[in-house]
Amino acid sequence: MIIGTVTGSVWATRKDEKLNGLKLMVVAVEQKKSVMTSIIAADIVGAGQGDQVIITMGSSARLAVSRETMESKIPVDAAIIGIVDSVES
Amino acid sequence: MIIGTVTGSVWATRKDEKLNGLKLMVVAVEQKKSVMTSIIAADIVGAGQGDQVIITMGSSARLAVSRETMESKIPVDAAIIGIVDSVES
Amino acid sequence: MIIGTVTGSVWATRKDEKLNGLKLMVVAVEQKKSVMTSIIAADIVGAGQGDQVIITMGSSARLAVSRETMESKIPVDAAIIGIVDSVES
Amino acid sequence: MIIGTVTGSVWATRKDEKLNGLKLMVVAVEQKKSVMTSIIAADIVGAGQGDQVIITMGSSARLAVSRETMESKIPVDAAIIGIVDSVES
Amino acid sequence: MIIGTVTGSVWATRKDEKLNGLKLMVVAVEQKKSVMTSIIAADIVGAGQGDQVIITMGSSARLAVSRETMESKIPVDAAIIGIVDSVES
């Protein structure tokens, strides 16, 4: 998984019907030391602007969102599966 | 998922038969700050030149296109599943 | 797989219920010569701070954690599956 | 998917038996602006030296090659599934 | 797939039991022009130090190793599936 920060959300009227009702969040993730990139992740834990979140990718993302929405085969490849309280080092 | 911009389309006569009838779009995606790269994605929402689109990758792309075309196991690893109206930050 | 070093752990109260009870470790991995990045991996071998560990990614991570916890479809995409004794060159 | 250029082929006597009879092509792909890298892809459309080709990755590659060769579970993660006629922008 | 060079092997006493008996090799792969990185791959063709090898990643790696060892769901995401004789350009 990776940690990222929610920076916004994406609105799309024309989309795969299986995405209907899903919150698609823009998440900034650190690709390399201070080099940021953005990915779009389906939110299933109620994340908001500025939240530090845990993102899972690939088929695990699809499974998490499909289970949460009780809809099978939702074509996402990234999902927010947790909101970070703290990172202990 | 990632956001990209449709910059063109790919024509290929000699191809896997399962790709027949599919629109294969060239999409510019931001790999890193202002570093662009291009990927090829199957379009299932009617995206056009210059559209900002949502792309899903891996087995989720295959599932979306297979469902849309009612053909199983279409060997794509990237699909356009939405056309962006707006990104709210 | 990749080798990384455990640098900490992540705490998240609001998360996918399937993650309950899982230890989520922060692991520094070398992306390129001396360019480090961090990923979050579910630990199933009892790794601790500073341990050099073996990480598997994607559906193999899900399978390993699901088998270990006897819970199906745990939405992780990275798992610690070994603690390195030594690397022989 | 990605577009690349066939630059050669790989010969390997000692290999997984499931690869027997498969053409393994070396394909140069643009990782970033003018930064090339090479991947090995199984060819199922008769691509040749210098051809510009469409490559699919991951489980979709396995499915395409397994279907084409009527052999199940062929352990490839990249396959050439089309030869580019043209890219229209 | 990608080509890499075997540079060593990894020893881990505390590991997922499914990895028992597997040879885990350290393989240097060219990430970008002369930028090397190391991955760990399960060997199923008897590769040795200095061998140039073909590596498959993701679920295809798991399938190849599971078939070779007749153990299901082995949590690897990279496997050595061939030893390169030559690359013809």
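Order as written gives the chain letters A, B, C, D and E; numbering starts at 1 within each chain.
By definition in this document, a contact is a pair of C-beta atoms (placed from the backbone, for glycine too) under 8 Å apart; a residue touches a chain by one contact, two chains touch by 3 or more.
Here's who's who by UniProt: A, B, C, D, E = EutN/CcmL family microcompartment protein.
Treat the numbers as computed from the prediction; the structure is a model and nothing was measured.
Engineer: Tell me the rotation angle, 0 to 180 degrees, that brings the C-alpha atoms of chain B onto chain C, to the nearest 5.
Structural biologist: 145
Engineer: Let me have the rounded angstrom distance from the C-alpha centre of chain A over to the C-alpha centre of chain C, please.
Structural biologist: Distance between chain centres, rounded to whole Å: 19 Å.
Engineer: As a quick test, compute the distance in whole Å between the mean CA positions of chain C and chain D.
Structural biologist: 31
Engineer: Please output the residue numbers of chain A that touch at least 2 other chains, ranges allowed.
Structural biologist: 31-32, 58-59, 61
Engineer: Looking at which chains touch which, would you call it a line, ring, star, complete or other?
Structural biologist: Per interface graph, the chains form a ring.
Engineer: Chain sequence round the ring, chain D first and chain E second?
Structural biologist: D, E, C, A, B
Engineer: Residue numbers of chain C touching chain A in their complex, please.
Structural biologist: 7-16, 18-19, 24, 26, 31-32, 35-41, 49, 58-59, 61-62, 73-78
Engineer: Where on chain E is chain D touching in the complex?
Structural biologist: Interface residues on the chain E side: 1-3, 30-33, 44-46, 54, 56-61, 63-64, 67-68, 79, 81-89.
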